[in-house]
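For reference, the structure is listed below as structure tokens.
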Amino acid sequence: MSTLSDNAYGKSGIRLVRVARRGARHELRDWTLAVRFRGAYDAAYRDGDNRDVLPTDTMKNTVYAFAKERPFGAPEEFARALVEHFTAHNTEAQSVAVEIVERPWSRLPGAGEAGTHDHAFTPAPCRRHAWVERDAQGMRVRGGVSEMVLLKTTSSGFARFRRDRYTTLPETDDRILATAIEASWQIEGSRALDHDELWATAKAAIEESFGAHFSRSVQELIWIMGNAVLARCPAIASIHLRLPNLHHLPVDLSPFGLDGRGEVFVATSAPYGLIEGTVRRGT
Amino acid sequence: MSTLSDNAYGKSGIRLVRVARRGARHELRDWTLAVRFRGAYDAAYRDGDNRDVLPTDTMKNTVYAFAKERPFGAPEEFARALVEHFTAHNTEAQSVAVEIVERPWSRLPGAGEAGTHDHAFTPAPCRRHAWVERDAQGMRVRGGVSEMVLLKTTSSGFARFRRDRYTTLPETDDRILATAIEASWQIEGSRALDHDELWATAKAAIEESFGAHFSRSVQELIWIMGNAVLARCPAIASIHLRLPNLHHLPVDLSPFGLDGRGEVFVATSAPYGLIEGTVRRGT
Amino acid sequence: MSTLSDNAYGKSGIRLVRVARRGARHELRDWTLAVRFRGAYDAAYRDGDNRDVLPTDTMKNTVYAFAKERPFGAPEEFARALVEHFTAHNTEAQSVAVEIVERPWSRLPGAGEAGTHDHAFTPAPCRRHAWVERDAQGMRVRGGVSEMVLLKTTSSGFARFRRDRYTTLPETDDRILATAIEASWQIEGSRALDHDELWATAKAAIEESFGAHFSRSVQELIWIMGNAVLARCPAIASIHLRLPNLHHLPVDLSPFGLDGRGEVFVATSAPYGLIEGTVRRGT
Amino acid sequence: MSTLSDNAYGKSGIRLVRVARRGARHELRDWTLAVRFRGAYDAAYRDGDNRDVLPTDTMKNTVYAFAKERPFGAPEEFARALVEHFTAHNTEAQSVAVEIVERPWSRLPGAGEAGTHDHAFTPAPCRRHAWVERDAQGMRVRGGVSEMVLLKTTSSGFARFRRDRYTTLPETDDRILATAIEASWQIEGSRALDHDELWATAKAAIEESFGAHFSRSVQELIWIMGNAVLARCPAIASIHLRLPNLHHLPVDLSPFGLDGRGEVFVATSAPYGLIEGTVRRGT
């Protein structure tokens, strides 16, 4: 005898680009969506009975139809509309989740508003995330950012750490710190919000705190960044940060009678430190 | 005021290749390891106090030293030795986890045992996984496989599913089914086991059940595969399977007066269905 | 005033999977194709005049229609049929080339012929290549292989090399040699050939010579492999080999009082040596 | 009997990050280098005789030593210094080439000069290229850019093209055009140049011409861009442009009684058009 648990199914990798034409001025949204249903689907697994299974192809079609029917705007709002539709029509689904990864595009220089081009764009290097999930507990909304690469050439150290018989790392109070931030935040309640503005504010808070502080570890940097976001964004209840430490190692030039400290580094991709933590309001 | 939770830190991407030279006959293990500590590390985050922080560089050094000192063998055993070492020396760590991803290599044809080469190898296309974690609840061991790509050209269908106004998918009882399986299983208790044999048996059970049954959905395939593994591997308590549906769509050749059904397909990478579930013993 | 040269255009990334159903026994071909035209297309570039431009979408359609109409078989034959079609109907194209990258699949174990499954498959880790090009000089056919990863744990060295003031590399007569071979060969004349057999023979010759010889450098290995292919395959006029040296470095365990030579290695991805050369018949 | 030709060897993937500390204001260069020697190396291939073979490890060491010894500046200058060094000391090398791929970083906002941060950076999404090669014909210098992604939501069409029996593509005079530009230009003579300024000017010329013109095909866009670069950069003799056409297809919403033309697109990654051409001065 055996039992089924943790079932989930859906469509991932739905690529959607929306254009809003406001006269000559065009707006652009570039999204990759994933839809996930969890629930009372035992018959499909155990008996091959698909009667309650909405095809993942239909999930994809729904996304495209909604892209025509729903207002052009923040991914959080679009995800919410999809979640409401799917929960209303699929009562077997005890949880419905939609994740949207947005590739932000910025305008090229041009003759339009504020010296920018009306319809030509180039992508920003990071990704924006929006998650909406509805289950018996209600609706939850998360925002986030990933692939947000930051580097500082100083104002970072790592010293006075634990040593054991396998420790060879020298202490340093001046090193390159490079990382690719993955952050995800829980949005308080379900108030109406300008999600685009919230995202920009949270991202700016991360960037500013990165540059503003000496960090004695990536752990401390996470704490500082997390608190900066909470301070600037009252709508955010908690934030999880996940930072790889993309080591830039000083090259040993002593065999050539040279000293390249502080000037010559090798950027490595493996191994890498990986540090994470959640900062939440309250005690 | 704010609080820290869900902290974790460690080293990822530790690349280790071990060679055992048994006379002319060499054995090879190719691993990528990750070490994770979770626990009472608030001082590091909040105060930049690193006194209890074992550097991730030391974790890496420990892996390499253990590769010399510990017996050559299954990744589960090596991970367990590391976990025991780290928990013994880092009491702040309420949880220590080690994950090993093994790239399996097979021997080239040659003049050695059973027509194989003594020291020349080529990689298998899938990956083996071993996870060991120790916390207050004790030690847990998981095995797994990923990037296990399987395709069948028939014996798969999808029909009699739910339809709504956005459904356009035609029913079929004969389609290509292709997937890249990610499976992870919980190993019962802590008995001594031949982990290499267990892994090979579980993998073979997945492969055999893939080819042996008509599948009316990926959901049903997960149920069949999961039960096949439980039937063949008494040491496995439960198995989680995660299968993308790598759609192979029939190409519409009707504009050219042709019918390519069953013969001509376009393999797509996005969007893709993603289906998962856990099968566990008992009711 | 300016001039146009080196123009080329076409469709890349055309994903085609063909199935041949010979009763219960199915055959599978998994291809990614690219079509390239070069020629008298100045009007398109200079004047935006598309009259002579066959859309790349049509190239893709032609591939799919041919997949229905042409015999199931080797990629070299299919590429040749496409090249002949395109050159016959596009006289502006002074050169037409078709490249096919085949993902080879092997059968799972099963109850069919020779203990293999009739319709369930798993992919091989390497890629097969076929190129056909026709221009004023006639038709040329090339075959090849890529992503062919091989590793030997011994029978490789590198010593007695040039030294200058920046040289620190120790000499060795026993190292791991790992590489991902990219080979491409020119097929002599236009005789009818069993291209599947030729490809398998050339690949086997590369594998066997890899394991059979001590190599004093990757350069020497290229020479040995190239000559092995020429010796086994009379239809091949010349072969180009391109081998990254995927360094496996001994880990220095001396800080821990250990010596891991020959046993403990770190596999690195960057930097890597890259060595290539063409071996051709005759003097 | 067989012959060797087209030999080449070197080190690729050399990761170098240089920091120049001008007081509190830091400058950053992030490079991946490749060094290639071609020449009279038959003895290494045919006889395993390494006497004339400078190890690729030494090439890497030389790069790091030069990073300390040579002035901080444009990659073209650094590559030239390396090429001169290697050709002077390795007379067997009939050709020495150095390629540098630069990841450009821009400053975060901050309290330094012009509202930018003194030592905190974020990467630009494109890559800069510099190639220097010396052989019997002398020294040649090329610059370039890759991964330069641009998209416009209108001002692009494709119509009045050739049709054959496999053509189904509808004509359009209003489509999304998206591409990831790869450009490489030949620099005239060997005059002293501000290579950083030249690169920025060429890149800006490409961007501006992308946004400024209606393009009737990617071919015409290449011609327009190439001429824009030649017009703005007298030091550039010719430019090669290679543009994938990253198709954004209108989604057919007619099954749902909707029309999403101009608003709802699916971004595809395969198949893709690939168009290239060289524009050079003179007739």
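Every chain is named by a letter (A, B, C and D) in the order it is written, and numbering of its residues begins at 1.
Just so we're on the same page, contacts are C-beta pairs under 8 Å (C-beta built on N, C-alpha and C of every residue); 3 or more make two chains touch, one makes a residue touch a chain.
Please read all numbers here as calculations on a predicted model, not as lab measurements.
What's the call on chain A versus chain B, same or different interface residues, using the half cut on shared numbers?
Comparing the two copies, chain A and chain B contact each other through largely the same residue numbers, since over half are shared.
Would you say B-D or A-D is joined by more C-beta pairs in contact?
The greater number of contacts lies at A-D.
What whole-number Å value describes the gap between the mean CA coordinates of chain A and chain B?
24
Give, as an integer number of Å, the spacing between the C-alpha centres of chain D and chain A.
Averaging C-alpha atoms per chain gives centres 29 Å apart.
Can you compute the centre-to-centre distance for chain B and chain D, using the mean CA position of each chain? Integer Å is fine.
38
By residue number and range, which residues of chain B touch two or more other chains?
Only 15, 61, 65, 166, 168, 255-256, 269-270 qualify.
What residues of chain A sit close enough to touch chain C in their complex?
For this pair, the touching residues of chain A are 165-166, 168, 255-256, 269-270.
Mind pulling up the chain A residues that touch chain D in the complex?
15-21, 26, 28, 30, 61, 64-65, 67-69, 105, 108-110, 117, 119-125, 148-155, 176, 207-208, 210-211, 248, 251, 253, 255-256, 258-260, 262-268
If we count contacts the way the header does, which residues on chain C are in touch with chain D in the complex?
1-15, 32, 34, 36, 41, 44-58, 60-62, 65, 89-90, 158-164, 166-169, 215-220, 222-223, 226-227, 230, 240, 244-245, 269-283
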